[in-house]
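You will see subunit A twice below: alongside subunit B first, and alongside subunit C after that.
So, the complex of A and B:
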């Protein structure tokens, strides 16, 4: 029981978007899919949910191909950044259509969520602000009877209050009816406590794939005087550094060497997920234009 | 020496946007302007920078009216969410025009920033992603010779790495050449350590106006068993509550009563700025449509 992505590669106009990506998505887990702008996250989500076909590689759900397979497709839902709804249609009407498409669409829950978020279901989609478009799409994603739900940029345009409401609703709906959520977002620290497992997509490849506690366990900030820090971190996997006043901080991902004495002036702490991500994916900037 | 906003009110289509807003913006300080979606932040920034005229009230800079006053206007710069640049024009050309408008535009700094953010100045504005449009507008805002710089949604579309780069650059340019920045953003926790002073705009009025340390000093989480917490917070200014399992948390804004005994089971901690903001502005949701 799982989604298996095997050796998926994709290019557009001779530019690599995904390069030999493999991963497994298990049932009833909450995942984070992290990557910089342009890393290929949306393309990967579109391939998994069969909206585009990969040049190479396969995606299966419970060992069945997803390609043109209505049975498997109905079990997957992608909430994407793209607005797929007609501007002039009222939200209530859009919910009617969704209910017809998905027999088990949870309409009462959708109406309750709309009330909580202050969304007027008599409004037309095109009249909504960016934040409320996101909210409407989130409501649909929470109410479809899918086993695997992919949320691409689920907090786009949301203020802090609505983001908190979304995180709380996610925990609640997940505990009432466990299913898989894969969340792709730039607000990493805000989801760090929600996700169990993280994928990092960097330079078109999966570079980190593991449970959040395991990953954070191996991530350190070593700070102190420049000389002592540099001496202590020699031979360790230093992924970044900061200097402020007389203090140096080295960010390390991987095991420390326990037999090495720690100088009194050196402080060792754990990194948070966002800071770890930034340092893992901070390479020399390339010009980037859409 | 300051910007004085006095009794500013504004309505659109008989709907109140700002209701009797007064505040002072001093030189060489970093401010946060916080408010929920639709609270009127952008309207206030547009009025201060003379892009729209208030129905009522005045805005002065060093006691001079800003209205149609070229001398004062050149000292203020607003980076707004709206894209004011023509799509087909190359960024280099846009910098040329800006340099002509502002004699002291810091072109070498603009070029250095473009390099750091990985922005190709030969690209056309219309070809940029949302994130890179924001980055270009930020670069212009950092390089104009204004004394008061207003940044409306400065991290829109930026990934975590670019947000960190922006925060670091802001600290650096501010310490090299102190001037005033007013930042309006929904990512409150990320700017909490950058800003000295905060304005909260809620229901069209300024409801919080003070230094960040002073405000956080008065903000508490009181947690423990439901009975003990409720007893302890009676008569205090409780602005919100959470319940998880058997634990209750009350959020308090204002003085505690020091003579009251604290039960052993009750824990008192300080709130962070984002959580404080959420609780101060969380009212019953109203339907909200653009």
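So, the complex of A and C:
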């Protein structure tokens, strides 16, 4: 039971977008897919949901190919950044169409969510602001009867109150009806504790793939006087550094050497997800992931 | 209920610590229901599996118990057990640091004893 992405590569006009990407998406888990602009996140999500075909590699759901397979495709849903709805159609009408496409579309829930977000279902899609377009697409994503839901930029244009409401509704619907959500977002701090597992896509490859606590367990800030910090982190996987006056902080991803004495002047703390992400993806040359 | 989370310690441990603290302070009395996984999850935007992992630490420590279909409740005697545990940890958690800091500041043993005396007087 899972989605298996195996050795997927993709290029457009001789430019690499994805390079040998493999990962597993399990049922009933919340994932984060993080990556900088242009890292290939949307392409990956489009390939998984059969909107584009990969040049190389396979995507399977429960060991069945997902390429043009109606049975498996009905079980996944992609809320994408692009707007696929016709501008002049009213939202109510769009919900009618979606209900016809997905037999078990939860219409009452959609209407309840619309009310909570203050979305008028008599409006035409083209008249909506960026934020309300996102909200409408989110509502559809929450109400389709899919086992795997991919949310590409789900908080695009949402104000703080609506983001709060979105996170609450996500937990509510996930608790009531556990299913998989894969969230691709730039607001890492807001989802850091919400996701169970994280993928980082950097320079077209998956460079981090693991449970959030396990990943953070291996991420450290070593700070203190420049000399002591540099001595202590020699040979460790230093992914970034900050300097302030005579104080140096080295960010380390990977194991520390336990047999090395820690000088009193050196402080060791854990990094948070956002800081880890920034340092891992800052420059190609500096980031070496074990 | 007010939780304070930091970003450097595993969240499931913080969930366990914060609930334990609330039981210790009698915010949740014995026999009373503690907030559900979903409630905590929603309030602080923490993955429900993470919250459950934290709660299970307290279940294993026999501080809260699951009542099927109802929720989690504070076990009778839980507060006393937390007090007992903290008394046992008092030396490691507080006294060691106190003496170590005193040494760095060249505070002598009699001076430290005097300061402790003053602390008790002030209460």
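Here, the second predicted complex is superposed on the first by the 283 of 290 C-alpha atoms of A that agree within 3 Å, B and C clash if a C-alpha of one lies under 4 Å from a C-alpha of the other, contacts with A are read in each partner's own complex, and residues count from 1 in each chain.
One rule holds for everything that comes next: a contact is a pair of C-beta atoms (placed from the backbone, for glycine too) under 8 Å apart; a residue touches a chain by one contact, two chains touch by 3 or more.
These figures come from a predicted structure and were not determined experimentally.
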**OP:** Check the residue A:213 against both partner chains and state whether it touches subunit B (first), subunit C (second), both, or neither.
**Re:** second
**OP:** Identify the partner contact of A:188: answer first if only subunit B is touched, second if only subunit C is, both if each is, neither if none is.
**Re:** first
Original post:
For A:127, is the partner it touches subunit B (first), subunit C (second), both, or none of the two (neither)?
Top reply: first
Original post:
Between subunit B (first) and subunit C (second), which, if any, makes contact with A:85: first, second, both or neither?
Top reply: neither
Subject >> subunit A residues touched by each partner, larger count belonging to subunit B or subunit C >> reply: B
Original post:
Of the partners subunit B and subunit C, which touch A:251 in the superposed model: first, second, both, neither?
Top reply: neither
Subject >> First (subunit B), second (subunit C), both or neither touched by A:196 >> reply: second
Original post:
Is A:136 in contact with subunit B, with subunit C, with both, or with neither (first, second, both, neither)?
Top reply: neither
**OP:** Look at A:38 in the shared chain and tell me whether it touches subunit B only, subunit C only, both, or neither; answer first, second, both or neither.
**Re:** first
**OP:** Look at A:172 in the shared chain and tell me whether it touches subunit B only, subunit C only, both, or neither; answer first, second, both or neither.
**Re:** second
**OP:** Using the touch rule from the top, collect the residues of subunit A that touch subunit C in their complex.
**Re:** 29-30, 167-168, 171-172, 174-175, 190-196, 213, 216-217, 269-272
Subject >> Touch list for subunit C against partner subunit A, complex >> reply: 5, 7-12, 37-38, 41-42, 44-50
**OP:** Over in the complex, which subunit B residues touch subunit A? Could you list them?
**Re:** 36-38, 115-120, 123, 127-129, 131-132, 157-164, 186-189, 274, 277-278, 281-282, 285-290
